[in-house]
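Structures given as structure tokens follow.
What follows is a pair of complexes built around chain A, which joins chain B in one and chain C in the other.
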Partner chain A sequence: MNGVEGYMYPNEITLYWSVLIVLYPYITGLVAGAFILASLERVFRVEAVKPTYRLALLTALAFLLVAPLPLVLHLGHPFRSPEMYFTPHSTSAMAMFGYVYMWYLMAVLVFEIWLDYRREIVLLSQSSTGLLRLIYKVMTLGSTNISPRSLAIDERVGWIVTLVGIPSAFLLHGYVGFIFGSIKANPWWSSPLMPVVFIFSAMVSGIAGVMLLYMAITKLRKQTIDMRCVDSIAMYMFYIFIIDFSLEMLDLVHRIYEADESFRSLDFMVHTKLYFSQIVIQICLGTILPLVLLFLTQVVKLPEIARKRIYGLSGCLALIGIFAMRWNVVIGGQLFSKSFLGYTTYKMALATKEGLFMAIALTLLPLLFLWVLIKLLPPWPEKSEHAPAIGD
Partner chain B sequence: MSIFKDAGHLFRFAGLFVLAFLVFLVVRHYVVPKSFGQYGHYRGAAIGEIAQHPAKFAGHEACETCHSDVADKKKAGKHAHVNCEACHGAIFERLPVAEQPKPNLFQRAVALVVHPLPSDPPLLRHAEDPTVKPVLPDTAVLCASCHTASAAKPKGFPQVVPAEHSNGMPCETCHQPHSPGMATPVAAAGGAK
Partner chain C sequence: MNLSRRQMLILLPAAAVAWKSVLAGSPEESPNYKMTDHWWGMLIDIPKCIGCGNCVRACATENDVPDGYFRTWVERYHRSDWPMNESGEVTANPLIVPEVISPDGGKEGFPAATDESGKYFFVPKMCNHCADSPCTQVCPVGATFISPDGVVLVDQKYCLGCAYCVQACPYGCRYVHPTKEVADKCTLCYHRITQGLTTACCEACPTGARQLVDLKNPNDPIHEFLKTHSVQVLKPQMATGAKLFYNDLDGSVR
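Up next is the complex of A and B:
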């Protein structure tokens, strides 16, 4: 049979979880990571990362809006997806995730962004014209009270929302790891470390994503990149990356030491079918190289231009590496037979509902959403050279 | 009371949540079928609807009422637990075609957009009309679907590599399907191993 080596059970020959299911944890990871970065400023008072606070929130929202799309497109009957909300089964992790998603979207992200932008929304609803004026007026919810006292209340409530948002972000992405980690029939996935690894890799990807977006957008706006901010973000990314890499290695060492009945099969897979995506892309190019580069920036006093290039390169490599990690988890877990006697192959389709073009479109769609959000709610103060930062 | 005045916008946001929740409850009331949850986490009325589907398999008892000689032979052999319809195909339709429920206009419209309606296999109403004969399978293909060698099958289960074993000859050349044993000497069958 084409693409099959050895023996596969009939239901294992074709991979049912395609590249879209790879994209799904990747996108939710970016959401969780971007939110954690925003919380650094809000909750942990890391003033240096303030220029990215609003951008991080808008990035999280743009990606969160797209996060369920890969899942919906994967369904045979996409129009049935709302039934998960209408008749949820209490023992289904997927069904419960629907509520976690709604909670995170509405009660955390949208609420926090609304509180943070309320002053600007009210001012824009008075100064803009036409359709924009109507949109801003709807966004004010009919309240134009931006007295110092009401803004102080917003600040306090926003802090609480961010505080609640941190465990929510962990829950959102921890759940994605939980889904894989709890599948006890699949030894590649079944690990209690899976949710933790997913959360930390999510933080790395989200922080790298926002850092790259900040650098790219600032360059496009012909503004100066705040190096104090980028240095701090890179430092946090480096530390979290170390934890993430350590956890992944811990998982690997544990599997090697435990060497259960699946080990030979998985070991063979890592040395053959997953060698390029796991060893070369994920570990060498996507983890070790950016870690070494970031380490250099921490111990050697490099000029600004070199630091910018290193941050840009290591951010891109980290994003590629974490995408490869999702790929290796989702696709890798379906490549071997649960009889441990055979292997199959994943051949990605091109122009189908779950093909490469759709995956590219879904990767670009959040950027389009982000562009609209930035136009609607600019994350930086107007005339940044003169005006004080919002909220100061 | 100024705290309420200055926090009024928060109550508006909360009101939006309450409104969304109420809309959700109203929509849920209309879209969730009335019989949902009657017996479990599914639509209770589905049981009755499924029972209305025309049955396609009659079971081995239906065959054995006429073919007791084959049934006796089968009981003594290794295929005692293989159902007649597993090899000969479904032989019974509970409802005549004219009485089977027809898809309504909506189902037809959905079928046009989403996928075609499943087509029924040729009706084999052999039980009612003996002139309608059940399928006589191509044993070279059918037997191989169970007896092709595979590492995952139990060691005691008879398995062969069909191409090497029979050179494409039908299995019944040497084996009796109802009680599989050697019907003719191996040499006469053309060198099967």
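Up next is the complex of A and C:
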């Protein structure tokens, strides 16, 4: 039969979760990771990463705005999706999505960004003209008091919001891991480690993403990259990456050693259908190579230009590796039969609702959102406000 | 009638809710059927199944099942003898790696068996109508549910088509309907059993290998059968409370 080896239950031959469902955990992971990076400065007072604080928040928001799109587009009946808010099913992990998402979007991210930018928004609403003035006026939400006392309160509340935001970011992404980890029917997914692995890989991807964006945008703005900042970010990325890799290897070793009824089938899959995306891309190129490169920057005193290149390269590799990880979880989990007797093939469509082009568009869309957000709420220190902004 | 603005604000949402309920309509009446009196399941007597595929065809016709998808299907297992290589070493465990086929779900029967050795048998499959069903557990809106008489059903006017239930079923019994784009599965011919009939697959089976059973009916022959036979469910380790009982189930079946 078409693309089938061995025996699949007949309804298993088609894959029901496509590349869009790969994108969904990837995007929410970037959100959670970017937010954790922002919280480093805010809650843990890591002064070195301050230049990326606001960029990280805006990145998180830009990606969060896109996060539900792949989910909704994948639904057979997208217009019924509000039912998840109105009639959520209490035993369904997925029913949580709407609530976790709204909580994270409104109570954490938007609120924190608003508090952090309130002073600028008020000033901009006075200095700008035309439509922009109206937009800023609306964004002040009628709160125009920017006295030192009022700003001090903003600062305090913002700190609390970030504090609440950290567990919320964990919740947002840990819950995504739980969606897969709680499916007992699927041994490739079913693991209590799944949410934890998702959270740590999310942190790595978010931190790598913001680091790359910071380096790229700074270059575009013809400013100098704050090496103290990227050095610290890279250090955090390295340590979190080690935790992430250890957890993934723990999961792997555990599976190999336990070798339960599904092992023979899954092992075969990893050595055939998933060999390239799992062993080559995810583990070798996407994890071990960036880890080795980052390790070098930690133990050898390298010149600035070498460090920049290494950070750029390992950031890209980490992003590719974590995308591959999501792919291997979502697609890999559907390639083998639950009879453990066969394998099917994923044929990605091109120009359909769930095809490759849509996936590319959804990956680029957050960058467009980020560009608009940066235009509206410049994340740079005020002294450079008169310098040409990105895109100008 | 004079209504204040306050009264209107209360009445309008109430009217909206009521209107939605009116639009939903009332369920089809079934005066002779009381849901709480039944607890449905099915008995599959493996030695009786001849792999003719009548059940698969009857189900597809009765329920308008789309081509390439199956509410019920039949598998043919071949559990070979213990394979040995030239140096006399056992090379595989046929209990773990049986040969299974189900061409077009067994709809048109099976090709003749070629291997003289080992053991051939047929295993009809369908929704297990689990009492602790993992598929209904995960539905984000509760569009799939267990009816009070123990049948796992899908409200297709309500289903989002997210396919989470398809992923959660350990038996591969669900699919997303290619044109309706909602979850679809065996309904245990609910439209028939609530009218006192048996399911299409049971009715079409020439050997009586499939028997609809009502576990709440004390006169159902299933009770005697369960006492006198060795009966199994599929994947008991999944703890789904499956109600598809297999007589004489081989250990290699999964």
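Assume the second predicted complex is superposed on the first by the 382 of 392 C-alpha atoms of A that agree within 3 Å, B and C clash if a C-alpha of one lies under 4 Å from a C-alpha of the other, contacts with A are read in each partner's own complex, and residues count from 1 in each chain.
Here is the rule we use: a contact is a pair of C-beta atoms (placed from the backbone, for glycine too) under 8 Å apart; a residue touches a chain by one contact, two chains touch by 3 or more.
No experiment lies behind these values; they were computed from the predicted model shown.
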Query = Overlaying on chain A: chain B and chain C, fit or clash?
reply = clash
Message = I'd like to know which partner A:75 touches here: chain B for first, chain C for second, both or neither.
response = second
Task = Look at A:184 in the shared chain and tell me whether it touches chain B only, chain C only, both, or neither; answer first, second, both or neither.
result = second
Request  = Figure out whether A:7 sits in contact with chain B (first) or chain C (second), or with both, or with neither.
outcome  = both
Inquiry  = I'd like to know which partner A:340 touches here: chain B for first, chain C for second, both or neither.
reply    = second
Task = Considering only the touch criterion stated at the top, classify A:308 as touching first (chain B), second (chain C), both, or neither.
result = neither
Message = Is A:143 touching anything from chain B or chain C once the two structures are fitted on A? First, second, both or neither.
response = first
Message = So in the superposed three-chain picture, is A:87 touching just chain B, just chain C, both, or none of them (first/second/both/neither)?
response = both
Request  = On the superposed three-chain arrangement, identify whether chain B or chain C touches more chain A residues.
outcome  = C
Inquiry  = Just checking: does A:133 make contact with chain B only, chain C only, both, or neither of them? Give me first, second, both or neither.
reply    = neither
Inquiry  = I need the one stretch of chain C that runs into chain B once the two models are overlaid. Options are 132-140, 168-176 or 204-212.
reply    = 204-212
Note = Interface residues of chain A shared by chain B and chain C, listed 7, 9, 77, 87, 89, 339, 341
Complex interface listing, chain A residues touching chain B = 6-7, 9, 77, 82, 85-87, 89, 106-107, 111, 114, 118, 140-143, 145, 147, 149-150, 153, 157, 339, 341
Message = Using the touch definition from the top, list the residues of chain B that touch chain A in their complex.
response = 2-3, 5-10, 12-13, 16-17, 20, 24, 27-28, 31-32, 36-37, 41, 114, 150-152
Query = Taking the complex as given, what residues does chain A use to touch chain C?
reply = 7-14, 16-17, 71, 74-77, 80-81, 83-84, 87-89, 91-95, 97, 179, 182-186, 264, 333-334, 337-341
Inquiry  = Going by the contact rule set out above, which residues of chain C touch chain A in the complex?
reply    = 68-70, 73, 75, 96-102, 104-105, 125, 134, 137-142, 158-164, 166-176, 180-182, 238, 254
